[in-house]
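Presented sequentially are two complexes of chain A, the first with chain B as partner and the second with chain C.
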Partner chain A sequence: MQEAHPSLPEFDYIKPKTLAEASQFLADHAGKARPLLGGTDIFVRMRDGVWKDKYLVDVKGLNGTNEIAFDPTKGLTIGAAMTMNQVSAHPDVKEHYAVLADAVDKVASYQLRSRATTVGNICNASPAGDTIGACILLGGVLNVHGVDGVRQEPLSSFFKGPGSTALKPGDVVTSLELPLPPKGMLGKYLKLGRNKSSDLSIIGVTVVGFPDESAASGYRMKLVLASVAPVPLVVDKVEEILSTKPIAEESIAEAAQAAMDTCAPIDDVRASARYRKIMVRNLSQKALTEIWNELGR
Partner chain B sequence: MTTTVINEKIPAPVGESKPRLENRKKATGAAIYADDIQFGNGLLHARILHSPHPHALIKSIDVSKAAALPGVKAVVTGDDFPGFIGLYLQDRHIFCRDRARYVGDPIAGVAATSEEIAVNALELIDVEYEVLEPVVNPEYGASPEAPLLHPDLSEYEVASFILPQAGTNISNLFKVRKGDVESAWEKCSAIVEHKYRIPHIQHVPIEPHIAIAQVDETGEITLWGSSQSPFAQRNLIAQALGISQSDMRVIAPYVGGGFGSKAGVSMEALAVAIATKVRGRPVKLLLTREEEFYTAFVRQELISYFKMGCDENGNILAMENTFYWGGGAYTEYGVNVTRAAGYSSTGPYEVPNVKTDSLCVYTNHPVGGPMRGFGMPEMHTGLEQCIDDLAHKAGIDPVEIRRLNCVKDGSILVTGSKMHPTGLPQCIEETSKAIQWGQKAPASAPNKRRGKGTAIMWKAPAMPPNAGSSAWVELAEDGTVNVGLGGQDLGQGTFTVCAQMAAAALGVPYESVRVATPVDTRYSPYEWQTVASRLTWSMGNAVVNAAKDARRQVLELVSEAWDEEPENLDIRNGVVVSYKSEQEQPLKDIVIYGLPKPDDQGWMGGPIIGRGKFMPTYVTGLDPETGQGERAVVHYTTGAQSVELEVDLDTGQVEVLRGVSAFDVGRAINPALVEAQMEGGFVQGLSSALFEEMKMVDGFMQNPSFVDYRIATTTDAPSEMESIIVEVPQDDGPWGARGIGEHSMVATAAAIANAIYDAVGVRMDGPPFSAEKIYLAMLDAGIVE
Partner chain C sequence: MAYHKITLTVNGETEQIDVPSNMTLLKMLRERLGKTGTKNGCSAGECGACTVMINGEPVNSCMILAVECDGLEIVTVEGLADNGALAPVQEAIMESGGIQCGFCTPGVLIASQALLNRNPNPSEDQIREALVGNLCRCTGYVRIIEAVQEAAQMQ
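Right after this comes the complex of A and B.
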C-alpha cells in the first residue's frame, strides 16, 4: 500500500538573495535541491514520498519573477512567482490572451490557484497540465537563469517526457514571455474531468484560431491535446487540414478525427484509452466548431 | 418545503427549527476535536506497519532493530495481544497474529518520541511472509474452490442471530423462505432478472480517524478519539484486553464526520494496545488519508441477483434475490449489514412469495463495516432499477407499480411481520407531484437528453434487539437544565434535538438547556452506539423519560409543599404553576435547595436529578431457515426520491438538475435538521451514483487519495433540491419521531440510474455511472457513434 508520510519529511528551506546565488546553490546540490514556487505540486509529492529533495530553494521574489507586464509592441511577460489567480485576473491577459485565462481558470480549485503559478505548471511538465497547451499555442518562451547566464527556452521544444524538460541543474525560470497574438485570435480550453470541479483532466483540448490571408481557407486553427501522450501533443494535422480546406462541418470533423488518430493515450485509473480517444475527437470537434462559429461572426 | 401536520398537543420547542447548539463553536474554530487536545512533552507518536500483501501467512517478525532505535519507546506485534475483538462476530485480533488478510492489515505498532522516528522505526521491522492466493470476489469466495480466509470461523464467538457457515468463507447466511416462489412464477405475466455489482466505497469524513490512549500506573485506560461509539469501544476493547469495562474510559470530543466509519472499533484498539506498553505516557495515532482508505472501514461490495415477477395488473407476486456481500477481511460488524439486507430484501414492497439468500463473504479486501444506509443503498440500487424494468415490461408506469405494491399499514412484510402505519404512499405522491412525473421537459441543448427517475426505500435500525439508551437530567441553581447523554453528535444535530425534547418534556425554555458534553464513559449515561439512525427515537425517548422523571420529582415536591394535587400543577417556561391556586414559583428556587417546611420546621426535597432509559423489548428472533418471525425490527422509515437530469451525448456526463426527497420521519423534532439530512443524503447518494468507487485490482486499491477517489462537490449538487417532510407518527417514538439520518441516500443512486435510462435508454451493471461508462454504453447500444 502507498505509505504516505504522515506530515512532511524534513528539508531545508533556502531563500537566496540573487538569481546567481539561486542557480549556484541548485547546481551545487543537483539531485537534492529543487526550485520552489507555489509548492502545490512539490509538497504533495514530498509528502507522498515521490520526491525526496533535501533543499527547497524559494525563487519567488528574485529579479523579474514578481510582475506581469504587457508591452503593446512586444507582448506579455509573466513573472514566475505570479499566481494563477493573478494571471487570469489581469486585464491584459483577459483582453489579449483570453485562452490562457480560460485554461488557468480550469486548473484545480480557486483556493489552489491562489498559490499555484503558471510557470510552475509549465515546469512541472505534467502531460495533464491544463495551461501548457495555451502557452504553447501562444508561442511561449521561458526566460531561464542558469549557472552560465540567461537564455531562452521556447515551449515548442521544452517538454521531453512526463516531468522532464529542457531545464538543467542550476536553472531558474524567471518568467514566461508570450508574443503579441495574431490579430483576431480566439481560443478555448475544453477540459474533461470526472466531476465538475478540481479534477485532473481525463483529456484537455486547447484550440486557437485567427484569420490568416496566407492560408487557403483564410484562417489558421491550431490544437494541442493534454493527457493523451507523454508530453503536450500539438496536432499539426489539424492546422494543415483547416488551413488548406474550406472550413466547414466536414473539414472540422476530419480535423477532429485526425486529432483522435494522432493521439495514443493509455489506460489509467482516470479513464480508458478507448474513451480518451473518442473524447479527443468529440471535444476537438466541439472546440473547433465553437471557435469557427465565433470567428465567422 | 415542509408539510407539517399541525398538532396542538406538540409542546414547543419540539417542531421548531432551532439552530444547532455547536454552530458557533464550529464556525469560529473554537470547537475542540481530538487532535486539538494538548498532551504536552510526554506525548508519544504511534505508527503502524501494515501488511503489503492481501493474503499471507506471517512466518516471523523481527522487531529488534526497530526497538533499538533511539527515541522508540515500544514496538508491539500480535504476539502481545492474543484476545479477539468484534461487535457481532469476534473474528479479529488487534494486530495480526498468524495471518494477514488485506493490504493494510496491522502487523506491528511503534510508539516513539516523534512521528519521524516512528516512521523510521517501521522500516527496521523485518517480516517474513508466505504469500497466499487472495480472494477478491465474493461470489468466488462463497464457492467451495476458494481458499479459506478464516479456517477457525466456527470457533469464533458470535451473536445468536448471526449464522456463520463452518468450513466456508461465509460468515453469515440469512435466508428468507416465504410462500412458494417456484409455483408463483407461472402466475406472472412479466418477469425480469438482473445482476448488479456495487463497488466498495468509503465514508471519507473530513477528519480522519484519530485516537490518543493513555494507561496509568494502575492500568486504568483513557482513550480520546473521534468516535461514534464510546461505549461500544469501552466494551469491546476491554474484552479484547481482558480487563474490566470500568477500567476503560472513553472520552469523545467533537467528530468531524462519521457516516458509520467511526462506529464500533477500528484503529482505536491499536493506540490502546500500544499504550499498554508505555504506561503513563499518552500515545497518539492519527491516520493519513491513505491509511484511512486502506485500513478504516469501507462499505461492503455487493454482487446481487434479482428475479421478480408481477401479474397482468402489476401486482408483484414473487421475488428471488441472492446477495453476495464482499465483507472484506473481517466481518465482525459487517455480518449484520448482510442480515439487515436479508430481512429487508424485498425493498418496501408487499410480496407474497419470497426467496432470499444474503451471504456475508470474506474477501482479501479492506474491512467492510457500517456505512450510512447499512446495506440498504447497495441493495436498493439494484432492486429499484429492477422494479422499473418490471414496470416497463408489464406496461405499467414506474410510479404506478410502486404505488400499487408499496408497503402500507398492515402489510405482511418479508419476514412475516406486520407493517406499522407508514407514510410511504404519501411520499410517492409528494415526490411525483414535485418532479412533475409524466411531463417531459425539453433538453437544454441539442446534444443533451433529459430524463426523470424515481425510487423508493425503506430501512429499519439495524442493531441487536435490545440496544439501549439512558439519560439523566439535572438542574442547576439558576434553573438551567443539564442533559446527560451518551450518544454522539456527528453533525446530524442530535444534541440540539435532545435539548429540544428535554425542554419540551420538562417545561423549560430551550435556551435554558445545556448538553453535558463531551461524552465521557466515566460520567455520561450508557448509549449503545450512534448508528442506525436510532438516536432521535431511542436516545430521545431516554432523554424525554429523564426529563419527565425530573418533572415528576419537582411536581411531587411542590404538591406536598403547596398541599395541592399534582394534576393541578404544571411547569411552564421554567416556572411551576398551579392551575387551581394560581400560585407560581420559578424552578431555580426549588431544584437545588428544596423548599422550606412551614414555620421554619425544616426543609423538604433536594437536588433534582431525573433519570430515564429506553430499550425496545419486543423484537423477536427469526427462524434461521425461513427468516420468518413475529417482529424482526423496531420499525421502518420509508421514503421516495425523484430526480431530473441531463446526459451529454458528446461525453456521457450527467448533470442532475433537480432532486426531490420525501420521507416519513414520524415527527420532525427539528424540521430544518431533517431537511438538512435529506439534502446531505441526496448529495452523498449522488456522489456514490456518479463518482465513487474504490478501484480494487488483486486486493490493491488503485485510487487511495482524493486525486482519484472523486466525491461530489457543491458544484455537482443539483441547483434545485426539494425536501418534503411526511409525518405519520411512530407509536413508541418521542412525539412519534423516527430516524432519517441514513435513509436519505438509500434510493438516490437507483433514482439516478432510472433517470439515465429514461434519458438515453442504457443501463449499466452498477455504479459509479461515470461519464465514461455511460458514453461507452451508449456507444455499444448505437445511441452515439
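Right after this comes the complex of A and C.
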C-alpha cells in the first residue's frame, strides 16, 4: 500500500559557491543531479517516485539569481531565485508587466508562491505552467550558465515537450530578461481550474494587446494557451486575424474560434478534451473582449 | 547521505541541529524539536496544515528542506502566543467557532497572522485569497474568515 506521507527519498544536498562549480557538478552527474530553486515541483515528484535524482544542487544565491532589476531603457531582469510573491509584489512588475503579476497570482496558494519561482515554473516546462504564457508574450529570454560559458535562450524556442526544454546537463538558468513592453500594452491571464483558485489549470489563456500603427486594425493582440498541447501554444492566427481585420465582436469571435481549432488537448483527470476545446474558445473570446474594451475601442 | 549542521531560530530560540539532506523543515520541527503543533497533511504543498512563518512569510514546511533554513527565523503555531497570552487571531478563532477537528488550525493561524502582518485590515476577498492554501474539511470556512476579520479589529 502506498504510504499516506511518503518521505523524501535519499539524496545529497549540494550548495555550490560559484556558477562554474554548479555547472561542472551538474554536467559531471548528468541524469543524477538537478538544479534546485523553490523545490515545489521537485519534492512532489521525488516523493511520488517519479524523479530519482541522487543530488539536488541548490543554485539559489549564486551570481545574478537574487535580484529583480528594472532598467527603463532595457527592461526587467528577474533573478532565478526570486519567488513568485517577490515578483508579483515588485512595483516595476506591477507597473510595466502587469500580465505577469496577474498570472503569478493565480499559481497555487500564497504560501506555495513564497517558495515557488517564475524561472522554476519555466524550466519545469509543464504544459499547465501558469506564468509561462505571460513570459512568452512579453518576449522573455533566459540567461543560462553552462559548462561552455553563458548564453541566452529565447522562450519562443525553449519548450520541446512536457518537461523537456533546450537546457542541457550543466545548464543553470540565472535569470529571465523581459524587454520593455510596447507602449500601452495591456494583458491578462484567465485560468480555468476545478475550483476558483489554487488548482492546476484545466486550460489557461494569456492575452496581451497594444496599439500598433503598423497593423491594419491599429492594434496587435497575441494569445497563448496552457494545458492544451505538449508545450505552451502560441496561436499565431489570433494575431493575424486581429491585426488585419477591424477589431469587433465578429473578428474576436473568429479569433477565439481559431484558438479552439488550433489546439489539440487530451482527456485527463482534470477535464475532457472536448470540454477543454470549448472552454478555449469561450475564455479566449472573454479575454480578447476584455482587453479590447480596456484598450478603449 | 550527507548531513549538514545548521543554525536557525525557532520561536525566538536559537537551535543548532545536524540534519540529513532529505529532511524537510516539517519533519525537523516535529521529530527533532518536538514542535508537533505543525501538522503533516498532504506532503504535497496543497493542504497548508504544515504552514509556518519563515522570516515573516508563510511557507509550506513540507516544501522546504531543513538544510535550506540555515540562518533563517521560523515561527510555528507554538510561537504565536506572547508569554502565554494568545494572539488576537487565536482568541478570535476560538470565539467564532472556526475550529472543529483542529487539524488545519495551526496552518490557518499562521497564514492568517502572516496576512494581518502584511495587511492589518484585509477585505473578505483578501482573506479568502490568503487562505486558499489552507484546506479545512469541517468548518466550511465562514467562521474562520469571521475570525480573521475579528482579529483585525482586535489588533
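Points worth noting:
Following the convention adopted for this analysis, the second predicted complex is superposed on the first by the 291 of 297 C-alpha atoms of A that agree within 3 Å, B and C clash if a C-alpha of one lies under 4 Å from a C-alpha of the other, contacts with A are read in each partner's own complex, and residues count from 1 in each chain.
In this text, contacts are C-beta pairs under 8 Å (C-beta built on N, C-alpha and C of every residue); 3 or more make two chains touch, one makes a residue touch a chain.
Values in this document were obtained by computation on a predicted structure and should not be read as measured data.
Once the two complexes are overlaid on the shared chain, A:Y275 sits against chain B while remaining clear of chain C.
In the superposed model, A:K237 lies in contact with neither chain B nor chain C. By the touch criterion defined above, A:L56 lies against chain C but remains apart from chain B after alignment on the C-alpha atoms of chain A. Within the superposed three-chain model, A:K245 lies out of touch with both chain B and chain C [touch as defined at top]. Legend: residue contacts after superposition of the two complexes on their common chain; A:K32 is shown touching neither chain B nor chain C. Contact with chain B, but none with chain C, is seen for A:L192 once the two complexes are overlaid on the shared chain.
Touch criterion met: A:A108 reaches chain C, while chain B stays clear of it. By the touch criterion stated above, A:T40 is placed in contact with chain C alone, chain B being left untouched. Of the two partner chains placed around the shared chain by superposition, chain C is the only one that A:Y13 touches, whereas chain B remains out of contact. Shared contact residues on chain A (touching chain B in one structure, chain C in the other): 5-7, 9-10, 197-198. Those residues of chain C that touch chain A in the complex are listed here as 1-2, 4, 20-24, 27, 40, 43-46, 48, 51, 54, 57-60, 62-65, 67-68, 111, 115, 129-130, 132-134. Within the complex, the chain B residues that touch chain A are 47, 50, 52, 103-104, 115-116, 119, 286, 288-290, 294, 650-651, 690-691, 695, 700-705, 707-708, 710-713, 715-716, 770-772, 775-776, 779.
Against chain B, the residues of chain A that register as touching in their complex are 1-7, 9-10, 192, 194-200, 202, 269-272, 274-275, 278-279, 282-283, 286. Residue ranges on chain A touching chain C, taken from their complex, read 5-13, 38-40, 43-44, 47, 56, 58, 85, 108-112, 114-115, 197-198.
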